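The next part holds the structures, each set out as structure tokens.
Shared between the two complexes below is chain A, which pairs with chain B and chain C, respectively.
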Partner chain A sequence: MLFAVAMIVFPFGYALVLSMQDFVFGHDAHFVGFGNYVRMAGDPQVRLALVLTVELWLVSLALQLVIGTWLGLLLARMRRGRGLARAVLVSPFMLPPVVVGMMAIVILDPSFGIANWLLGLMGIAPRLFLASPDTVILTLAGIDTWQWAPFVALIVLGGYLSLPSDVFEAAAIDGAAGWRRFRYVTLPLLAPTIVTAAVLRSVDLLRFFDIIYITTAGGPGYASTTLNILAYRRGFEFFDIGYATATMVALAAVVFGTTLAFARIRRAVRW
Partner chain B sequence: MLAAGAAPAGAQGFDWQSHKGTTINLLFNNHPWSQAMRDLTKEFTAKTGIETRMDIFNEEQFRARLATLMQAHSPDIDVYMSLASREGQVFDRSGWFADLQPLAKNAAATAPDLNLPDFSKGLMDSEMVNGKLVALPINMEGPLFYWRKDIFAKCGIPEPMAEEDLLPTAEKLKNCAAAHDMGMVTPWAGRGLRGILNYSLTAFINNLGGDFATPDGKPGLCQPKTLPGLELYAKLLKDYGPPGALNHTFTQVVELLGQGRIAMTYESSNEFANIVRFPNRASDLGVKPFPPGRASGINKPVVIGWGISVSAWSKQQEAAWMFLQWATSPEIEARLVDAGVAPPRTSVFNGPTFKAWTAQLPIRQAWADSLVTVARIGTSVYQSPTDRIPEARDIIGGAVQQIVLGQASAHDAACAADAELAKLQ
Partner chain C sequence: MVGRRIGVWFDRLMLALVLAVLVVPVLWVGLSAFKPRTEVAALPPHLFVRPTLENFVELFGRTDFGQNTLNSLIVATGSTLLGLGLAAPASFAMAWHRLSWPATATLFARMAPGALFLLPWFLMFSDVGLTGTHLVLILTHAVITLPVGVWVLLPYFEAMPRDLVESAQVDGASSMQALLKVALPVAMPGLVVAAILCFVFSWNYFLFALVLSGFNTKTAIVASFNFVGEGVTNWGALMAAAVVIALPPLLLTLLIQRRLVAGLASGAVKG
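For the complex of A and B:
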């Protein structure tokens, strides 16, 4: 209990107090109540950051659930080499985000990255990837998916292997195969597992920071300035601590709300 | 003004070993100076008996760590790098700097040969914040114009002598690259990240007669004389720069220049050592101050100097002060020259070691001469008037990015930026 108070209640309470102050380093702090939240409501950068946060979350989550589920089921069917495949799949999400970010810079840089060189070999025109406001969110979602879809795959694999085999045998006797078997048997049975994976990934994705910061620092322009990046820059670069904290408290509320929503969904798909 | 220029009363009582056995914590920004220090601090320990623990972070992370610890009044940092021209006011008002003047006047704490007046006056002036000496200078730097002499010669194009020449030169280089199958070479590269591009943008604006401020001290990005510099910077990046330039900082620019992928750029003097490490660059590059405005006759680039400060919360300020004295001593500065650190002490800059080093290669001499010029004519102000400097630079950089991305005209982006900048005053 004491641990919970010291490590959770106190920091969050302190953040709430800070978020209600106009506190910029070098200036006297003073209490402004919900002033920072009101300021956020009228701040176009916060609105854009919220849209980008949600956009990145939805695109990444969709990609990771689809690819992760497909990979997981593919693994489940493997008769040989599953252990090796599992070890390979674990490796991306064992990498520190800094390494992934640096790899992305080296591979995707439009001038000296190898991605455009490879595209060129295939006769495809070069792409700007992280350097274009039109493609930066999709590229970041792609990087995160490369790293975390295997995590979803392993969760799905575990869930699939724990499903009762008689249901699949009955489905086979009834003539369900291929897509129909997946759509009407496998997917409903796996739904609670997939929702669990969605919760875990959502919490991470809404807090997605490190790779964005390393690869684009929120740019080009403000095209990848999510709430996290915005708060970091306001806090640690501009020293506007009160406003940055309010932004983070708002993001924490979004994460908390999303988790609650998924908890309800999970109850709904339980079998 | 420089009361700190006064030497201590005498050598009586001063002993490099007086704090033997203590340990001081150093927090540095990733910089040629700090990289060189990593190897040299063991000599400090040998001389003083003071152990050091050094952390080096990239600039943003360095500032985040510094702010976190200093705001918590943590004694875990004794010495840190600072850039008074950027954050001196904020740091001072937050009470993060120890005033070095009392230490400098303390004969027991200060080496008799410290000789503060030996530091460049401009750099020492910038380390004086609200009457306090907040740091000792460790380098002098500013952006310089680098160009590939071999490419210019091959294309029969003269080097730009005025800022107005840049655009036609870039156009000629583009045509020449296409005609001579130099498709990998782009005419220009420069900083595109919004928070840091002001460093290069300033000379573009100043030399064409513009200013970040109006005569009455208001934000002046939208002034008719300021817009051409802004437009030129954006146009070079957009039409003649490498793809993805808006995510570029000095790291990418240096890499591109080093790899021989660009014909000209305007990048930090600090990066000189990194640039000439690439094969052939020491022989085929030219370096000089940014070309002045032909019509205006103005040449006013940026010149700044990093310093090292003692934390106000340090419990070992005298030991920390000893590190400052050692790290900025003529002997150490002379050895840092090999790492491309321009010495802030006049005696070292004009001394035999530095002169011998510059005489070894013509480009080193050109680099040193350029620094002398930049130090003489440069300014450390590169944003509109405010004490919220990082935020102001971010807004101005954001305006440039909008122009490059075609999201706004130069006029609209600049006027919108001025409105935002006014809120910071």
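For the complex of A and C:
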């Protein structure tokens, strides 16, 4: 309890206080009430960061849920080799994010990376990947999907294996097969599982930090400066502590709100 | 019948493709770590070169990476012990008294962006002069490991027959003794999973060590990131570092892969 108070409750309260001050490191702090939040509302950089955060979140989430569900159901159909597949599937998301970032840097390097060389073999023009503002978000979404779609797949597999099999037998007798079976039987039954996966991924994606910071540090320009990156840089590079904390509190509120919204959705799809 | 067999082979083919996409980048990095530095960035890539340890020799000889790895070990072990030391009695009490709000509260710590705590911590620990010690990193990483421990252990304690603990109490055991002598041995499998997850999470964690570690306590994760930041063009040493920091989590998770996903998803399933 003492630990929780000292390390979590107190810092959180402190953060709330800081977010209401115009504290810049080396200067005196003044209480400004909701001034920082008002400043955020009119700050074009915050707006851009919010748009990028949402973009990265939605693109990655969509990719991971679709690929993960497909892969999970594919695994459920396999009779053999599931153990080996599982061993491979857990690896990406247990790798340190720093390693994933380093892999991305080396493989996706525009001139020396193997990715462009492979594309060249297939006659496709080289891409800039992380180095272009047009593709950086999509590339980051791709990296995160590489890492976490297997996680979604394993959750879906677990959910599928715990479903009662007589439902599928009944569906088979009724003649439901292929797409219809998926759409009207499997998907509704799996919906709570998929929503669970969506919550877990959303919490991580909204505060996605490590791999962005490692590969692009928010660049090129500000093209991958999400809210989390923006707050970090304002806090630890410009020491604009009050304003940075206010940004973090706002982000925490977004994460929290999203989770609550998903809890609603899950209640709606429960069967 | 024939259509079905084609379907099975198609599934196998798709699964093999997915696994290749997941494995090849990791293997590529692993392979690069053992190539002579002149070969690492060669395109077209030379697959069969005489393997060498020169990248590792350079990594450990020319930099402090040995010390960094040791720091990572100290911090990960310390925060695992601290996190579990707190999580075991906490989750035991929660299961016993059927409390759910403390578990929900730890979920909040897991949901908030790390940087939200980081700014207050940074100011707090600067005030007490603790920045740059192992203790700071152990304390802050325990904020990550504590919720993981609670959520992994909780189902094990909840599934435990109440008579077991009650009979121990009838025999005069205090609740701490009941936990240590009766409950924990029964929950041993859960404890192992929790310990491994805590260790890996702490080992992989980037943000807190990035800001709070000093020159002598820098973790291997942060040191690797610095290699990237310094624009080290020696990809060989970079890849060697990646191999060193990727091995512990990969090996450890292989031990518990079957329960891993359940452990990671715990907390969201109930919420």
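In this text, the second predicted complex is superposed on the first by the 263 of 271 C-alpha atoms of A that agree within 3 Å, B and C clash if a C-alpha of one lies under 4 Å from a C-alpha of the other, contacts with A are read in each partner's own complex, and residues count from 1 in each chain.
Just so it is clear, contacts are C-beta pairs under 8 Å (C-beta built on N, C-alpha and C of every residue); 3 or more make two chains touch, one makes a residue touch a chain.
Everything quoted here is computed from the prediction, not taken from an experiment.
In this superposed model built on chain A, chain B and chain C take up the same space, so to speak, and clash. Of the two partner chains placed by superposition, A:L56 touches none, neither chain B nor chain C. Using the contact criterion defined above for the overlaid structures, shared-chain residue A:A246 touches neither chain B nor chain C, since it reaches no partner. Looking at the superposition, the partner that touches the larger set of chain A residues, chain B or chain C, turns out to be C. When the shared chain is aligned, no partner comes close enough to touch A:I143: not chain B, not chain C. Of the two partner chains, neither chain B nor chain C is touched by A:V185.
Once the two complexes are overlaid on the shared chain, A:Y222 sits against chain B while remaining clear of chain C. Of the two partner chains placed around the shared chain by superposition, chain B and chain C are both touched by A:F112. When both complexes are overlaid on chain A, the residue A:E237 reaches chain B alone and has no touch with chain C. Comparing which residues of chain A touch chain B with which touch chain C, the overlap comprises 112, 213, 232, 236, 241.
Those residues of chain A that touch chain B in the complex are listed here as 24-27, 109-112, 126, 128-133, 213, 215-217, 219-222, 232-233, 236-241. In the complex of the two chains, the chain C residues touching chain A come out as 8, 11-12, 14-15, 18-19, 21-23, 25-26, 28-29, 32, 41, 43-45, 86, 105-106, 108-124, 139-140, 142-143, 146, 200, 203-204, 206-207, 211, 221, 224-225, 228, 235, 238-239, 241-242, 245-246, 249-250, 253-254, 257-258, 260-262, 264-265, 268-269, 271.
Residues 3-4, 7-8, 10-12, 14-15, 18, 71, 74-75, 77-78, 81, 85-92, 94-99, 101-103, 105-107, 112, 114, 117, 146, 150-151, 154-155, 158, 196-197, 199-200, 203, 207, 209-210, 213-214, 228, 231-232, 235-236, 241, 244-245, 248-249, 251-252, 255-256, 259, 263 of chain A touch chain C in their complex.
On the chain B side of its complex with chain A, the touching residues are 60, 63-64, 67-68, 71, 89-94, 186, 192-195, 242-247, 252, 255-256, 259, 261, 387-388, 390-391, 394, 398, 401-402, 405, 407.
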